[in-house]
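Worksheet: the structure to be examined is printed underneath.
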Amino acid sequence: MLDAFQLPFIQRAALEIVLLAPLAGILGAQIVLRHLAFFTHGVGVAAFPGLVVAGPLGVPPAVAALGVGGGFAALLERSHRSRRLGADTATALLVVFALALGVILASDVFESGSEVDQLLFGSLLAIGTAELLGTALALTLALAAAAFARRVWIAIAFEPQSGAALGLPVVLADRLLLLTIAVATISALAAVGALLVSAILVIPAATVRLFAPTVLSLELGSAALALLVGLGGLLLSYELDSPPGGTIAVIGGVVFGLALLLRAFGPRLTTGSHRSSRR
Amino acid sequence: MLELITDPFSGGIAQRALLEVVILGLVCGPLGVWVVLYQQSYAAESISHSMLPGLVIAALVGVPLGLGAAVGLLVAVAMIAAVATDESIGADTAVAVGVTALFGFGSLLALSPQTPIGLGELLFGDPLSVRADDLIASGVLALLTGAVLAGAHRTLTLSCFDPASAASLGGSNRSATWLVLGLIAATTLVAVQALGSLLVVAVVIGPAAAALRLQSRLRPALWTAAFLAVTAGVGGLYVSHYLELAAGASIALAAFATFVLTLPVRAPGRVARRLAPR
Amino acid sequence: MSAVTVSALEVGYLPGVPVLAELDFVVPEGVVVAVLGPNGGGKTTLFRGLLGEAPHIRGRVELEGPIAYVPQTERARLDFPASALDVALMGTYADTPWYRRSGPRQRRVATSALEQVGLSDLADTRFGLLSGGQRQRVLIARALSRRASTLLLDEPLSGVDQSSGKRILDLFSELAREGRSLFVSTHDIEQARSFDLVLCLNGRQIAFGEPAAVLSPDVIQRTYGGELIRLDDTAQAIVVQHHHH
């Protein structure tokens, strides 16, 4: 079964997953702790108009997607800060705008349609050097951002109100986090597609969150689980001739379900599951 | 002059489209107010993707696609509601896990041998493709949703305003969550033909977010949202007709515009926004 | 007549693991009971047990008339589109069948409840725009339109300015005079001395009775344990670490 790793396209796909796994650890932990799952999903879907205009304008798709995704992240960051609208509502409104724009651009302006499939499903088995470089860059950015801001992220996740009072650069750290997630999401688009980005960035962290007693264990565990599920899904999809993105998502979902059952009915040795006495 | 108004709706296809967007607006607007208040926009945006495995299986087995889609949605609602009860996970992560896994499953089924159905139409929809039986389905949905929203008005209010006291005042937090998710699923199922799975959420969220900026009490907000959603639907059809743009996307943009137009409005008073404790 | 009778009650979420045990007390009509205890000591669990929302492992609760819970104001959604009157009306929901609209009768109940807490002139004001003390009174009005004879108030005086606090305390006395009994959870031991009865909890019932008899340094020590920072021996100055919400 491991013979598959002799094949160059499997090697590249595996390398992509190896690069994405630390992102799933560093960023996945924050996504789950800060309730940014919808934001993550939204950035991926909102990149659609970028992909549509990339071809006709002669821009590399990843760059166009990054431009749109970055703009999306910046707008959302502003609306979060103004607090005039629920974060989820703001995200939904912007996603809708981007999608509608993309549909009109695709169907009425440029008359192209192939981007849709690419956007939604990605193609892990067609990863090229450019995509790998993009993911490596995203990882570098995430590592640098975490080195600078990780402690602030954790402080905000613990208690959003008092971060600024503690003298922490809350606003800067928040912007950095959203930007980093946007870049990581766009870099994962090529591999698993917009609708399945969560399979790498959210599901492993959500699974580990059920058990992890500390942020560090959450980060390490999420990265390890993402690596396992990613490589496992890759191999299985090769054996079954199924799409790798979907396979990874299904395995991730099943592992999460098992973890949930284990925590509900298994031995009570977990620390993340104190039953709150306040509610 | 009058022709400018009546011209787009001279044909039967366009008349059906008009009736469809009016009905959907009446449903989606008030439902959207609850979706926004319950902070379930992510579920509203994403739950449509969970129809995919049901659709594919229905196509392979040979049962009506609508049945398959309904089953897929039902599974998603159950998964989200079950996972979201765990406080350490939260509603948004529950949606991400449930919908992603289901969509992944659907893409496995759909893409591995050969794709049995055109995904594109489903994703983006077209109000001009609405048939008479779609209209009947929408009408039934509208009546049903209206009845449920009216009957459950109090429990929805209690659980949303203050979940800690809801039970002692005759409400039920669990059934409120199920109701909101269930209504989102039912609306998605019916609206997907006209608006497409990716754009249904526009008509649900846009007018509702606008109405909540304009009104400071619940009942007026519900009616305003219905009015704005219908306006966006009809307006979108005009835009689509005269600018020759995709109809579903035009309606989505019009719904988004209803919200943008309320941005300068300061009424009903600036409220220091505090989201519900998670 | 006794409003609340609790005998040998244990409350908990898992079989055999009580969060709160040894509850045994009788509260007559028309009194204000201070509920003291450290964070996680069981104040909220007691309320949920009395409301029947937390499982009783053993023992029993007897209630004379309806019981209502009054949460801390910041637990309610300030962005919810509702006026003060709308919130007071929510208290009538339980007694109105789902198929019947709220009519003039319900409005009268809610209006008179708002009147009783002294807020009838703000009936049409949006709940989220009221001050903390006013919101607390609206939530009490909601419990009154529930026609509750027993009210459970979760730290009603925290985060409320002094003059509003005084109004709320006066309201407590008025409600007690009408024959209602009130359970008021608080962190303020000095304030508890001015109430009719005191119930001290720390995983179990530590003490129950009149403040003068109950609030000895020893009981306070056993109630708060490690959370207590005593500034001097007279027990006049006691700091209990507050938790944030």
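To keep things simple, chains are lettered A, B and C as they appear, and every chain counts its residues starting from 1.
Everything below uses one rule, namely that a contact is a pair of C-beta atoms (placed from the backbone, for glycine too) under 8 Å apart; a residue touches a chain by one contact, two chains touch by 3 or more.
Fair warning: this is a prediction, and the values are worked out from it, not measured in the lab.
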item	value
Innermost chain, taking as reference the mean of every protein Cα atom displayed	B
Farthest chain (mean CA position) relative to chain A	C
Separation of chain B from chain C, taking each centre as the mean of its C-alpha atoms, in whole Å	40
CA centroid of chain A to CA centroid of chain C, Å	44
Centroid spacing, where centroids are CA-atom means, of chain A and chain B in whole angstrom	25
Two or more partner chains touched - positions in chain B	164, 272-273, 275
For chain A, residues contacting two or more additional chains	86, 279
Contacts with 2+ other chains: residues of chain C	79
List of chain B residues in touch with chain A within their complex	36, 39-42, 44-46, 49, 83, 86-90, 92-93, 95-108, 111-112, 119-120, 123-124, 164, 198-199, 201-202, 205-206, 209, 244-246, 248-250, 252-253, 255-256, 259, 272-273, 275, 278
Chain A to chain B touching residues, read off their complex	32, 35-38, 40-42, 45, 83-89, 91-93, 95-97, 99-101, 103-104, 107-108, 113, 116-117, 120-121, 195-196, 198-199, 202-203, 206, 209-210, 240-243, 245-250, 252-254, 256, 260, 272-273, 276, 279
Complex interface listing, chain C residues touching chain B	51, 53, 67-71, 74-83, 86-87, 90-91, 93-96, 98-99, 126, 128-129, 139, 142, 146, 154, 245
Of all residues in chain B, those that touch chain C in their complex	37, 151-152, 154-155, 157-158, 160-162, 164-165, 167-171, 212, 215-218, 221, 268-269, 271-277
